[in-house]
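In the two complexes that follow, chain A is the common piece, with chain B as its partner first and chain C second.
Up next, the complex of A and B:
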């Protein structure tokens, strides 16, 4: 655990020591909060009396989109850059196991994402100061965003572990995320038997309940399973060096 | 292993399989936490009660449009909640365009239509639901469960509320919809001189003008023959109706019930909150009491051959303003010795033996405003109407709370001033982004300096 935390700390200092994490956080905050403001304006004009269905649902669905856009840029460098600069080989000479290395980087990625999510709290809190409303329906949305983002980070790490090119890493991540998001869009192309399976894989469908203010254990389990699967793929990809005789 | 890549793929597939199994195990033990204030995504206790009464498996086939993904998702989500409660509810989601054969067999021509089928021992019962929401679905489940529909006639012609009227203050369209959702079939009849043969319940919803002598006698005779009558009457009941009720031992108080505590709900103290339903009649009463906008008390007097009891009373703190001073704008202070202390009876249910083992029933609520479109979805008003209608019309009462409809009246959404809108924009959109961008610049300079 101590080694995991050390790796995490090193990763965070690398990220926040330079402008990259700050720029990504700024872009995330600007986009997410602008979406919130436009959703709020839409709700005030057209939304009716139900905040959960008229405002928060749309805000969380938009924030999910921003996370999908920004998180691959956070994770793209985590292994790819180290591999390119040769520091990954250096890390392998240290008494740190692959799973500790992976867990440290994963934790760092999730923490960066938590910082990003924290910036989206400003809008609801300012609105709450101006107009009293129940805050409880926001909880499932944020839990859903955290689970979804954690899965994105796991996918990004698996992609980053597979290549030394950051652009390729980011594109691989986008490819997987967009596929798992779009997979249910063209339902007309799916047969009746295949559709339920495909729908179960759709991140979009899985996140929908959280955005509405509902925590469903099945969706939580699905996101945790996706995360574990992609972390396992990342671990096996890191382990591939033994096949190539690198270590 | 000579093929490490193959090994990695096999291992990943195995892990995916194990995780998939775990997800399936969780799926067999559904658990949901609905944190929306109005429990918008949780089935109402009424729906649970209806599902508990289903004896046989029910098939639900929904025909959706693949071009309307969000609607399909909402319908599937709603029906999944039914399946979670009762695994004998089997749901099939079919694309209408790709399943013309199934659509033809079930006689469906439009998108977003659900067909509910119950293949019981006495043949298949089938219901179509055009607007897939909880109210409509549960009503259809009720019908396919074999509980026969009761035809309700709203008498018109004496200033009664009209179940076809959507007007917010005058109309009772929402009341009709609530009754339909509970398995009633709502119709209207002009005058009460001739009650239709198929009437299972006749409703007098707040008449303001007198009935003809023939109408009063016809209603009297109808109840004594085993008919079921529900009377909703505001203070100032027409004399002919007072006469009819008197024949069954019911005396409208011609007063006003004052409920100071109801001021908590933003009213003027003349709205009376029902504190208690008679548990001998309604064993599991709804938790939210109804709020009667302007109610009068009811009193029972002995009449030979008529039996009955109070159905609903107001709270201890209420009292009866016997000469209705409050309506004249006078100070409504309780006068000991003149006004009457609460609890005040505001609803009664009487029965009359009709021979052949049948029984006539008459239910009376001392207020009719609560069924207006404006008031029906306030607290427990809808439950009071439907429960009372069931008590009068049926022997098997479903009393669990229904899902309240959308509230009418004062719009309660957000209304931001231009200044508040600017505050949100600058503090939520601009400030965090600029702050983080400035930090990025500082980090860049430091790195360059280093």
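Up next, the complex of A and C:
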């Protein structure tokens, strides 16, 4: 655990030591808040009566897209850059296990994401100050966003562990996320036999409940399972040096 | 523990590493003693880096075992890795971090307690590698020579008993290479140092022992002097005299104990030089001198030829290749 925290702290200092993390946080804040402004305008103009169905749902679905756009760029360098610089080799010679390394980087990615999510609170809080409304229905949406984004981080780490090229790492992550996102759009394109499997894999669908203020424990379990699956893939990819060597 | 501490800090037994069908390292065994610099010599592609990576804990061997300060890398990997410092050929540095921050991170990972102990080991590593003046600088702003030193400092921090240095002088200018050799030599007082190189002169200059690796196998392991001695193809003497070359050659060939004479330089009038190969264990120099003088020539020099490690190495590698 101590090693995991050390790795996490180093990762955060690497992320924020350069411009990338600052730029990504700023872009996230800008896009997320613009989406909120746009959703709010829509809600006001079309006179919705139900905040949950008319505003929060759209805001959470839009923020999900921003996370999908930005998070692969947060995780892309985490292993790829270390592999390229040779520092990954050095980390492997230190008394730390692969899963501790992975956990430290995962934790750092999730923490950056939490900072990003915090910037989305601005709109709802300003609105709350002007016009009182219950904040509680927002909670499931944020829990859902956190679970979904954490899964993105796990996917990104698995991709980053597989290459020393950050662009390849980001594109791999986008590929997996976009595929899992729209694979369920056209069920007619799927044969009857594979459809249930594909639909089970499409963890994006599981976010709709959260966005509408409903927490289903099966969805929570599914996100946790997907996160663990991709972290396992990342761990095995790191372990591949045993038979593949290091370039 | 009940058992006596092993004498060798690094013990390698029948180490083999295969990548697919290729054996990069094939049944390698040797020891690295404390207080010594052991050189790991071999042509590029011999398997030096693969061996070092196994010893550094980067990946496990396919077969065989390696102990660091008595801890088996396979069964007690964390204890073993806590006792080693590794500097890869290309310094592995995060360019946006400061020198001190990288050293502190590695010290913390090697379980050096925070506070005075960690500050002391970081300061010590900076001082021994001569980079105290750049401790607050980012790696990206440092020259190649400095980066190499930071790489060695990262291996040193936490004072691990075993140091593994992969080609520490690669890519340095002659002055920097000389400084690095001096630095590596000084490390033997506190560590068992295992340093790879494909440059013979370098190994000869800084190592107490040499392990020669070729195509994944060990060809020889000994002190540089004894290796050169043992592998000297035959005892040779250079004879130089003011004499016609052909006549000198014939005269020397007639001396008892001489196996072969090879004319090196010379004409019919000027000084001539011959390389004489004599039976091992005999010293034919007085007889050769007498023969030259008896012929009425002036003897200029009579010098035993020292076999260099370079020749020994080429002979070994050449021999291995003809056997293969």
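FYI, the second predicted complex is superposed on the first by the 236 of 247 C-alpha atoms of A that agree within 3 Å, B and C clash if a C-alpha of one lies under 4 Å from a C-alpha of the other, contacts with A are read in each partner's own complex, and residues count from 1 in each chain.
Assume contacts are C-beta pairs under 8 Å (C-beta built on N, C-alpha and C of every residue); 3 or more make two chains touch, one makes a residue touch a chain.
No experiment lies behind these values; they were computed from the predicted model shown.
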item: Overlay on chain A: chain C relative to chain B, clash or fit; value: fit
item: Partner chain in contact with A:6 - chain B first, chain C second, else both or neither; value: second
item: Touching partner for A:89 - first (chain B), second (chain C), both, neither; value: second
item: Touched partner set for A:60, first chain B, second chain C, both or neither; value: neither
item: Partner chain in contact with A:228 - chain B first, chain C second, else both or neither; value: first
item: Which partner reaches more residues of chain A (counting touched residues only), chain B or chain C; value: B
item: First (chain B), second (chain C), both or neither touched by A:18; value: both
item: Partner chain(s) touched by A:41 [first = chain B, second = chain C, both, neither]; value: first
item: Vertex chain A angle, Cα centres of chain C and chain B, expressed to the nearest 10 degrees; value: 160
item: Superposed arrangement (fit on chain A Cα atoms) - minimum chain B/chain C Cα distance in Å; value: 6
item: Chain A positions touched by chain B in one structure and by chain C in the second; value: 17-18, 242-243
item: Residues of chain A defined as touching chain B within the complex; value: 16-19, 22-23, 25-27, 29-30, 33-34, 36-37, 40-41, 43-44, 47-55, 119, 122-123, 126-127, 130-131, 133-134, 136-137, 139-140, 184-188, 192, 195, 205, 208-209, 212-218, 221-222, 225, 228-229, 232-233, 236-237, 239-240, 242-243
item: Residues of chain C defined as touching chain A within the complex; value: 19-20, 24, 50, 53, 56-60, 77-79, 81-82, 84, 86, 88, 90-97, 101, 105-106, 108-111, 154
item: Touch list for chain A against partner chain C, complex; value: 3, 6, 10, 13-14, 17-18, 85-90, 92-97, 241-246
item: Of all residues in chain B, those that touch chain A in their complex; value: 4-5, 8, 11-12, 15-16, 19-20, 22-23, 26-27, 29-38, 40-41, 66-67, 69, 72-73, 77, 93-95, 97-99, 406-407, 411-416, 420-421, 423-425, 427-429, 431-434, 436-437, 439-441, 443-444, 447
